Amino acid sequence: MLDKNGIAKRIAKEVKDGYYVNLGIGIPTMVANFVRDDISVEFQSENGVLGMGPFPFEGEEDADIINAGKQTITTMPGASFFDSVTSFAMIRGQHVDLTILGAMEVSDKGDIANWKIPGKMVKGMGGAMDLVASAENIIVAMMHTNRAGESKLLKECTLPLTGVGCVKKIVTNLAVLEVTTDGFKLLERAPGVSVEAIENATNGRLIIEGDIPEMKL
Amino acid sequence: MLDKNGIAKRIAKEVKDGYYVNLGIGIPTMVANFVRDDISVEFQSENGVLGMGPFPFEGEEDADIINAGKQTITTMPGASFFDSVTSFAMIRGQHVDLTILGAMEVSDKGDIANWKIPGKMVKGMGGAMDLVASAENIIVAMMHTNRAGESKLLKECTLPLTGVGCVKKIVTNLAVLEVTTDGFKLLERAPGVSVEAIENATNGRLIIEGDIPEMKL
Amino acid sequence: MIRKTVENVQEALKGVKDGMTLMLGGFGLCGIPENTISELVRLGVTDLCCISNNAGVDDFGLGLLLQKKQIRKMISSYVGENDEFERQMLSGELEVELTPQGTLAEKCRAAQAGFPAFYTPAGFGTEVALGKETREFNGKMYVLEEAFKADFSFVKAWKGDEAGNLIFKGTARNFNPCMCGAANITVAEVEELLPAGSLDPNDIHVPGIFVQRIFQGEKYEKRIEQRTVRPRN
Amino acid sequence: MIRKTVENVQEALKGVKDGMTLMLGGFGLCGIPENTISELVRLGVTDLCCISNNAGVDDFGLGLLLQKKQIRKMISSYVGENDEFERQMLSGELEVELTPQGTLAEKCRAAQAGFPAFYTPAGFGTEVALGKETREFNGKMYVLEEAFKADFSFVKAWKGDEAGNLIFKGTARNFNPCMCGAANITVAEVEELLPAGSLDPNDIHVPGIFVQRIFQGEKYEKRIEQRTVRPRN
């Protein structure tokens, strides 16, 4: 079973040379720490920066340079700043190659819910609805089950949707899955996790074909 | 009767302190020469400059700094350069206070034709259609009649339209007219021009109420 | 050059009244019009509709207006980090219209650029699209979203000049440019107000035509929401 | 940082084929991709559809491609100053689609920003609106215009860096920014190509994400169409 760092590490392997990548808040942000050094990747943050670097050294924080999670950041050589309209032109116009974000629920049709729990938590969708409606290549990073032990991979989402039929891949603490027209296709097991454990933790349609390899990190 | 300079001079009196003004090619461009020195005006050119100044001194021309008529220009303190999208945001968004342009024909309903003579002259509309469709305040600068002596102020335009019901005021070599729901309302006569001469040169509905003053330049 | 300079925030906010719709730039606490918000609190105008990507934190940014219950309605994309906001919303005191972030930006830009409405894929199939026209183009579904209308836009820039030209710093740019010219009156507060001619015409982020009033803010706290750092080796 | 530098114009134009739709930046002869146009002439590609605000003059700019009859269709707002163009158009050899200038810019921007179509007031009631959907919003009539689709965008900037970031000079900016990212492949030629990190991230006009290939042009003639001057006193 993976921890959050493990999920981020596995997703980092999906990042290819030359990619522009948008990272959501939480586990997705951690992906940046695990991307190979020998490839060129630029991180976009929807509040208006391309070419994000690591956190600043203490004392060098600049209130005017933050990411979408409102964290102080730095920039890399070749970075640019721009306004929100241009930022979403990048996103809506499909110039961002890979979008990684968290979710509360994903359905076996690729629907995603991650912005609202009616009557309980209403923080808003931020840029998530724009991202999932436009991105060609979306990976969801999340735990396989919620705190109550219930599956987050469902037949139908029960929470208000963020987007419809948009998720292509999911990396959880238990598995890597692809969303196909027939449901979640199991691609890889997390180290030490059995196919049965994944079946038990998955509520939506699950496709298991042949031997399922253990993921390499 | 006015010459082209006279038309430009009369129109210059319509330019108010604090106005952003878009000047078309031809007579409109000449208006800039006659605007009072004691008011602040900024000239916009739709190819991407606000705060246009006079032509450069010889030897100081810059191929990268031109107006929409492709003439080399200079800029005034406080000028800005921008792209075509932003330029037409200014125009379509009604941030430009006054638009002055030439015309081949104007109808007594405020329609304007100035971009095409079928089978003969097809230079294109450039920014004219955007300008007339959005500007709240459009003044047409033109000769009252064409070279064949035919009126350019018509009941209906005969040439392909540039815009519908958009012209508010017309300054010609003979008169200043306002476009009202009842037709062209004669406001002023050019020096030495009789009301009869204006009537004879006008084909569309012409409203003459009371004494028509001679224009002051 | 058309002068737009006003002496202070009081003069800049002349005409702001109860019940108005205001746009306010900024992302989180980054690039917010701090001096304007303080003056709105002091003025005590109420029943406001605020269009702003976020709602500040409890004791800074728009949170200050929320505390005083000056806001009737918020139009935002993300309103976390604010307990008082959540309380007012869940109790029904505060009306909230949540809008996808890119749609929010474009609704401002549409108002600025004279577009009445636009089609965006964001929110299709979600509750955001409820009651809105949807339409297919080239096999993909889009939602028709209308341009905002607002009485005032309040933005914050790094440098500005007397002609109203603005330059922003870093990610403090965010929603500020698209809100300029998107309301009847745009008021820009800047850290440094310069004479016309001080800024390179090539470097202007927002041309002065989109700004009606400009003033130099008295002080900027520029509070950081999430101070994240790495150790020096 | 993602490197996009190519060695020369030959490499930059790899993949350009007969029958393609090309966007070309510039207004008149100002800010046109001179080196790209020369190479298109040399390549002899034909049956092209060119989206460009103007069509050059007889012996410069897109006029060079017209002379060689490489263009099947022009989509432009203004095509004066070009006798050969007029001859080909009136004889029917050349297909011409005239589009209002602001609409032309926005059709590029829509393609760049992922909008399938937009409503503009320009051209309502004129032959430009024939066959197009029209619609009323708030008492005013608008025409529905669709985003362009193109195979290549060719733009010209003043300075660029290896990450594809672009900065323009003066009014040579014009249509270049909205064409970046509006085609499958965007190629930028620049007067000066710099290492990444040479340009201030605040000053970038077009972020590199919208540009796939960048090269330094061999030479720039920058011809002036209307040399207007005033006498020194």
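Think of it as A, B, C and D in the order they're written, each chain with its own count starting at 1.
One rule holds for everything that comes next: contacts are C-beta pairs under 8 Å (C-beta built on N, C-alpha and C of every residue); 3 or more make two chains touch, one makes a residue touch a chain.
Per UniProt, the chains are A, B = 3-oxoacid CoA-transferase subunit B; C, D = 3-oxoacid CoA-transferase subunit A.
Predicted model only: the values in this text are computed from it and were never measured.
Peer 1: So which one's got more C-beta contacts, A-D or A-C?
Peer 2: A-C
Peer 1: Starting from the mean Cα coordinates of chain A and chain B, work out the distance between those two points in Å.
Peer 2: A distance of 55 Å separates the two centres.
Peer 1: Whole-Å distance, chain A centre to chain D centre, using C-alpha means?
Peer 2: About 36 Å, centre to centre.
Peer 1: Need the CA-centroid distance for the pair chain B / chain D, whole Å please.
Peer 2: Inter-chain centre distance comes to 28 Å.
Peer 1: Going by the contact rule already set, what residues in chain B reach two or more other chains?
Peer 2: 49, 81-82, 85, 88, 91-92, 134
Peer 1: Any chance you could list the residues of chain C touching two or more other chains?
Peer 2: Chain C, residues with two or more chain partners: 109, 114-115, 120-121, 168-170, 201-202.
Peer 1: Indicate which of the five shapes (line, ring, star, complete, other) describes how the chains touch one another.
Peer 2: other
Peer 1: Which residues of chain D touch chain C in the complex?
Peer 2: 114-121, 137-138, 140, 142, 146, 167-170, 201-203
Peer 1: Enumerate the contact residues on chain B facing chain C in the complex.
Peer 2: 18, 20, 40-42, 44, 49-51, 75-82, 85-86, 88-96, 134
Peer 1: Please output the residues of chain A touching chain C within their complex, sorted ascending.
Peer 2: Within the complex, chain A contacts chain C at residues 45-49, 54-73, 81-85, 87-88, 91-92, 111, 119, 122-130, 133-134, 160-165.
Peer 1: Touching residues of chain D toward chain B in the complex: what are they?
Peer 2: 27-31, 53, 76-81, 86, 89-90, 96, 98, 100-106, 108-109, 120-128, 158, 168-178, 205, 222-232
Peer 1: Can you name the residues of chain D that touch chain A in the complex?
Peer 2: Interface residues on the chain D side: 1-3, 109, 111-115, 161-163, 165, 181, 195-197, 201-202, 204, 207-210.
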